[in-house]
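Note that the chains are named A, B, C, D, E, F and G in the order they appear, and that numbering of residues resets to 1 at the start of each chain.
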Amino acid sequence: MQLLYITLALFLLVNLAAGMWRVLRGPGVADRMLAAQLFGTTAVAILLLLAEAAGSNALRDAALVFALLAAVTAVAFVKRAWSMQEERDVD
Amino acid sequence: MIDFFSILLLLAGALFFLAGTVGLLRFPDLYTRLHALTKADNVGLGLMIAGLALQAESLSAAGKLVLIWGLVLLAGASVAYLIARGALLRGVLPWKR
Amino acid sequence: MGGLLSDAHWGVLLILLPLFGGLCSFLWPGAVKFIGLATVSAVALSVVGLGDQLLTTGVYHHAVGGWGAPLGIDLYADGLSLFMLMVNALVGLGVSIYALDYFDQGEARRFWPLWLLLLGGLNALFLSADIFNLYVTLEIVGLAGVGLASLSRSGAALDGAMRYLMATLLGSLCYLLGVALLYHSAGTVDIPLLAERLESTPPVWAALGLICAGLALKTALFPLHFWLPKAHASASAPVSALLSALVVKASFYILLRLWLEIFSVRTEGVDDLLGALGMAAIIWGSLQALQQTRLKLMIAYSTVSQMGYLFLVFPLAAAGAFSAWSAVAYLILSHALAKSSMFLVAGNLMHFGGHDRIADLDRAVQRLPITVGAFALAGVSIMGLPPSGGFIGKWLLLNEALNQGRWDLVIVMMIGGVLAAAYIFKVLGFAFTQAPVTHEPKGVPAIMEWSALLLAVAAIVLGFLASPLMLILGIGETVQLMGAGQ
Amino acid sequence: MNIPMIYALLGITLFSVGLYGLIVREHLLRKILALNIMGSGIFLVLVALGKRSVGDLPDPVPHAMVITGIVVAVSATALALTLMLKLVEVSGSAVLHDAPKERS
Amino acid sequence: MEAIDIALGLFDLLLVFLLLWLAWLVMSSEDLFKAIVLFVAFGLLMALVWVRLEAPDIALAEAAIGAGLTGALLMAALDRLNAVKPMPAAAVVTSAKREQPSLPSKVLPLVALVLIVLGLGYALLSLPDVADGLVPNVKEQMAQSGVKNPVTAVLLNFRGYDTLLEMVVLLLALLSVWSLGGVRKLSPRNTNPVLASLCRVLVPVLILVSCYLLWVGADAPGGAFQAGSVLGAAGVLLLLSGWHVEQKILLWPLRFILVLGSGVFIIIAAVLFFTQGGLLTYPVAQAGWLILLLESAATLSIGATLAALFFGGIPKSRVDQ
Amino acid sequence: MNWHTWIPLFVVVSSLLPGLIIFGLPEERVGLRTILNLTGAVIKLLLVSWMIWGVYQGDHFETRVALLPDLDLVLRAGPLALFFVALSTILWLVTTIYAIGYLEGSPNRSRFFGFFSLCVTATVGVALAGNLITFLLFYELLTLATYPLIVHRGTDTARRAGQTYLRYTIFGGALILLGTVWLYQLTGTLEFTPRGFLTHIDPQHYPALKIIFVLLIAGLGVKAALFPLHGWLPQAMVAPAPVSALLHAVAVVKAGAFGIVRVVYDVFGVEFSADLGVTTPLAWIAAFTIIYGSLRALFQDDLKRRLAFSTVSQVSYIALGVAIAGPIATIGGVVHLVHQGLMKITLFFCAGNLAETLGIHKVSEMNGVGRRMPWTMAAFTVGALGMIGAPPVAGFISKWYLGVGALEAGQDWVLLVLMGSSLLNCAYFLPILYSAWFKPTPKSWPEEHHFGRQETAWALLLPPLITALMALAAGLMTGLPFSPLEWAKIIAEREFYQP
Amino acid sequence: MNRTTRVYSILLKVVLLALVWWVLSDGNPHSWWIGGMAIVLALLAAKSPTSQFSISLLKLTLFIPFFLKHSILGGVDVARRALRPAMPIDPIMVDCVLRLPPGPPQVLLTNMVSLLPGTLSASLENNVLTMHVLDKQGSYANDFLVLEEKIAELFSVPVLSPGAGV
């Protein structure tokens, strides 16, 4: 089981690394943000896997905080960072 | 037996994650990528959480996992809506085949 | 209360009082001036109390939380710490009195909490025997400094504050990495224990480099001084005084302390480098000061140059000489008093004429004789002319340099003195001109004039107090600083 | 070379990359990011080297230091950002102008 | 076991590589927004690193702050930056043009960078492989600390004085921000029901999680800083969703909450000092609840401070008019 | 309580305190200011008399305060110190009276008199200094206190003159500081001791000592206006007349000259200096300065500038007397300290009177002025003759002793210098006297002021008359117990004949 | 809104929050004294504008399986489209007039739409929901109607007007 958890975590990390491409590529601001969202969800999954592997309750708490805070960041993005002009410029 | 289901669920979850990422990379515009992200990733996480919950030592521990999923789900859906709406307001046109 | 305070509690009060005062002044903005002045006075009294205690019982140790090093944090005070606390108290009192009339109501409400917390941070810094704790105090000092530097909200002040913030954060980070390396080399952050345990290994060398670089940046050692002139020149006058007199000294104190306690035996070459940079700072800072057309910038560059003198201690203290670092301590004190007075004078002149262009000081000397007198007296100390604290410091340092045959240092010090005279008399010369008054001058409140003068007079009087002050500096020296207390 | 050491080396590298960015990049927002990256690097060094203890427990003291450090970093970042915004409001530029000249 | 180690090793290496790449991209990308998104990703991965380094306490803090609040702060700042400058794109371009240094000034810092890495790396590698640090001391005194989580013991007891001063640092940052006067108000954006209901769910959960972290900190990873950060996130979320900051709330009570953490710390320190004869010397029997009291106050203050820092300006109050 | 340990301090304070109070006085409190000034001067005079009497009887006056753990500030009343103190005290009193009259109605008088008192304080301190560091302290204080007096008028010329003055003196001060620290480094003491305190020193330090000697003399030479360090002095003529009088006759240049005496006698010791071989070059420089100053004076039309170059020349007599390193020459040099002071202050007072009353600034404007202002010109004549060295004025005594001393020491060339100098003195003073007394009066003076029936205000007239009489008296009554010459003899005896 | 519904809605919240606390604290009985305070705090913060809608816990439990099934289907659908080399997508924007009353029902609908196969809500303005549809040939219209009815049932509200304009 341990091995599976770790391997899956590794797999998810690779997955996440692949997502980097979207951040770099864009083209719009929102596209990059989407990728960051993906990172958030993936990181929650990785944390949970690692928590299970280590049998650590604290890491589940961390995953919980992650899930909550990823939402806050996303809201901050939507409400604040996404300026009208930039999107038009790009698309 | 439980382990078997766990493994199955976890692997399925991983597959959905992969699909989400592929979608994010392949899909042509913001809206379609949003589809990939909200649905595939959330299902992927859900399946993984289900797999892990089977292993949980207590009901409350499993509950915590479910809580996490619920939050991610809610946040994912809301944020997807907010982003889509933002794009719409900013006049981003959907990609057409 | 008397009973409670009878044994060794002054050090703790010195930390808690200003912090508490800072919080109170934030909570009751209507009473900031009262709270502020009361706190600063109480701090000054506590310094006196601590001094009395140290003179009778020797160095002061307090294990916070009762744990003791290495697990806990130790407070420690010897002559050097006491000396720095005195600098805080003296300059703090002078500037606080000045600030009573300088700031309008709105600014006062912002000034006092920041200043009291800064004072608390500085006191805590001088009382700490723990390098991580020192990092935290450095952060307090840095952030409070930034808040104060931007107090006037003018474009120049914001620009200066930004530079200062960048420099101070970078300096803190370098210091922190050094602390990390030291901790993992010796398993402790307690200075005396570090002194016992550290050996000359690559990580210790790396830590030395990082800590020196970080603190030199915060102390604005040439060529890392780039942030200082703008930051200090564009702040409000009392703030400039505090920054130049106290804040830059704090990081220097840490460097000196660590050098004396931890690094001194392991540092061939580095000391000479610091000394060389100090010499460059003296010359470069003075030349820059000489070229300035604005008074506050000139004073700020003068700080760059004066900080250079302090760094001359490193090549000299390599021999572990008390006379070298006590000379520098004396220079710190007299520079703090004189420089704060100068900035307050600049504040008065700006208040009076609305500008600080040196060439247009009009006939300020006739209209503000006390202010100009304060500038002249402070100038005497900065130039290192007798009788003044600056002279004593310079005398001791020259003596030590000659003792060790360091002619390079001697010559640079002499040149620095002459250059200082040049830029100070440049100002005084213009102050005597007969140009007609071209603007409607504003009266300067008496408190602002007199507090500037008092600080300057204190810098002069220091010239006659060397014997008792040397006695204070010597507390704990006979038992080789911190180490033997353990 | 063990795993903690790799992370410690990563910490050093992050510190240096941040330092590089701080010096080379001019936009203040970037400098603030650089400072944060430097900070993360230092925290890494602190914690990673704390894992060298033989027992089951990693050294908790650096952990405590880093936790406070993170909070201080975020408050300093907030201050720096506000200061930057005020500066831009007044001067119209998020770059400290004559800085390179001074620095030479 | 072998396979697990390999998987873990690969995981670590990939993580290290990703972090390095991200850091480099944050520094080198021309687009500021891209840099910020990359930085958020950087924070996320840092949290994973903390997990790998068996530092769950830090992982929690990093999850709340590094991956959450800092990102929100940066994005809000970018928004305000663009609002100040009418031509954000142009400004970015000019700054990009400005950031085209000549070849030696490009190469020299790089060389310095490599040299620093090599030097410091060498220093690190010459550290002994095994060192106990303060682990034995902590273990020895844990029983007297009043809590079971060693990190909390260090933070609030063994090195509680540091924490006291850190609370002051936090307050100072806010004082300085307020002293700068308001930054440009966040431009009002019409709230929409989806966001509002998201907040209605998230905020109570954040508060519960915050209290939970505070409570659990005594025995397991968690504690005032993490709890406070989560509380701060709740505040940020409220502010983002257009929460109306009422005047009467912000006069006295806000100031009071802001100083509560450091104030209670100082008062307890002073009381203990005069009763126990030592600064922050807890009586062993009372240590537990004293720590909880301190942490509660600190949590409130940290949360309020972080939210206020995000808000930026001074909330209007009659006193300051 | 032993008064003797405090009186030297009181002497210093008696001018410091009035000075500080005067700073705080409003401009219009003329009466109070005058009272303060005069009271201070009189008290100082009384205290100095007390000390002179005491020292004559063998009492010891010394104030000692710790400056550093192993270094004291010392004020000590030895014969040489009292010699200079007495001169400054008397001339301060006289100059104060003069200044009150001279500056009547002009702006910023509180500031002027404040710094004036500080200036005297510093001079007295220089005189009483019992060791080199105390000397240095007051020497620098003197620099600082005279600067505002030079720039007092606030014109551009004044400011430039002030800058020049500072450039020279600050540089000189730095040299002295360096020399002092170095000396302290080598010997561990700075206490002025008759015959010096360096005799026991390890010969390996002799080269260092030579450099120190050069540093100290160069530093002092700035104020003493030794060539080539004299450049500031003629420029400083822009100051008000009382300042010129005080600067040139007493305070600044004399402090320099006095310092040279101190360094040669009480730091190095005459014999030791001679052994080191440093006195001969000093003598040459002094001799050259004497001739050079006189030559330059010859070509000045501006009266005060001519007097200034005359000062350059005359002050070097003191240095010359010291450098010849014989007992009789020493008497000549030391006594010239007082003699030159009396004569030169008279001349400057007179020049001030001419400028203030008739607006005369140039030699070429002085035709027939003797008939318009006979008393002033009488005093001027006494001063001028004294400068030339004509008996019975005091200047003759100095030159006589210098000449005899030079012969005694085998330095015959000095005679040539003295003779040449006297000739040059004649050349630049006699024409003035001639035109003042014998040339016809012009129809009107450039900017004439009328002071009632007298030729000028009494406060302006009295001081030069007093000093002229004193110069005469010093030349005539050399045998009296407290005459300058007698004191000079005591001083020389102490240096040369006591064990 | 009457007193009982208000009490009921508060009670519901308390129960939910208590459930969350129980989950968080891992059922630790000693945690409840602080948990109680936390719940009170959370309640204060969650003080929403009074809403006339309430959900019964029973209906909620019935709704969950429906939701799970469709969200998995949604995931499968999008994963299929993403992974197929041909990438069979043909997107379109669609406006729907909602039959649910404004407030929580509409919000829930909006969120649900994004999780269902092929649809993504993009704007909710004046009772009109704009959706982005991945494949215009799909059965999204029908799914949407079903979902609307399910939600109406959950909130015990009637479906307002007949027929949605698609």
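In the analysis below, contacts are C-beta pairs under 8 Å (C-beta built on N, C-alpha and C of every residue); 3 or more make two chains touch, one makes a residue touch a chain.
Here the structure is a predicted model, which means the values were calculated and not measured.
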item	value
Labels of chains that are neighbours to chain D and to chain G	E
Touching both chain A and chain G (chains)	B, E
Groups of chains joined by contact, in the absence of chain F	one piece
Greatest separation from chain E - chain, by CA centre	F
C-D compared against C-E, more contacting pairs	C-E
Per Cα centroids, the chain farthest from chain G	F
Chain centre separation in whole Å, for chain G relative to chain B (CA means)	16
Rounded Å distance, chain B centre to chain F centre (Cα mean)	98
Approximate Å spacing (C-alpha centroids) for the pair chain C, chain F	43
Distance between chain centroids, defined by C-alpha means - chain B, chain C (Å)	57
Where chain G touches two or more other chains, by residue	20, 24-26, 110-111, 124
Touching two or more other chains - residue numbers and ranges from chain C	132, 136, 139, 143, 146-147, 150, 153, 158, 177, 181, 183-184
Sites on chain E at which at least two other chains make contact	8, 36, 52, 57, 69, 74, 78, 120, 124, 127, 131-134, 138, 158-159, 162, 166, 169, 173, 176, 180-181, 192, 194-195, 197-198, 202, 205, 209, 212, 216, 226
Residues on chain C engaged by chain D in the complex (per definition of touch)	132, 136, 139, 143, 146-147, 150, 153-155, 158-159, 161-163, 165-166, 169-170, 173, 176-177, 180-181, 183-184, 223, 226
Contact footprint of chain A on chain E as seen in their complex	3-4, 7-8, 10-11, 14-15, 18, 21-22, 25, 29, 31, 33-34, 36-38, 40-41, 44-45, 47-48, 51-52, 56-57, 59-60, 63-64, 67-69, 71-72, 74-76, 78-79, 82, 88-89, 186, 189, 195, 198-199, 202, 205-206, 209, 212-213, 216, 220-222, 226, 230, 233, 236-237, 240-241
Residue ranges of chain B in contact with chain E within the complex	71, 74-75, 78, 81-82, 85
Touching residues (chain side chain C, partner chain E) in the complex	4, 9, 12, 16, 19-20, 22-23, 26-27, 29-30, 62-67, 70-73, 75, 106, 109-110, 113-114, 117, 120-121, 124, 132-133, 136-137, 139-140, 143-144, 146-147, 150-151, 153, 158, 177, 181, 183-185, 187-188, 201-203, 205-207
In the complex, chain B residues that touch chain A	3, 6-7, 10-11, 13-14, 17-18, 20-21, 24-25, 30, 33-34, 37, 41-42, 44-45, 48-49, 52, 55, 61, 64-65, 67-68, 71-72, 74-76, 78-79, 82-83, 86-87, 90-93
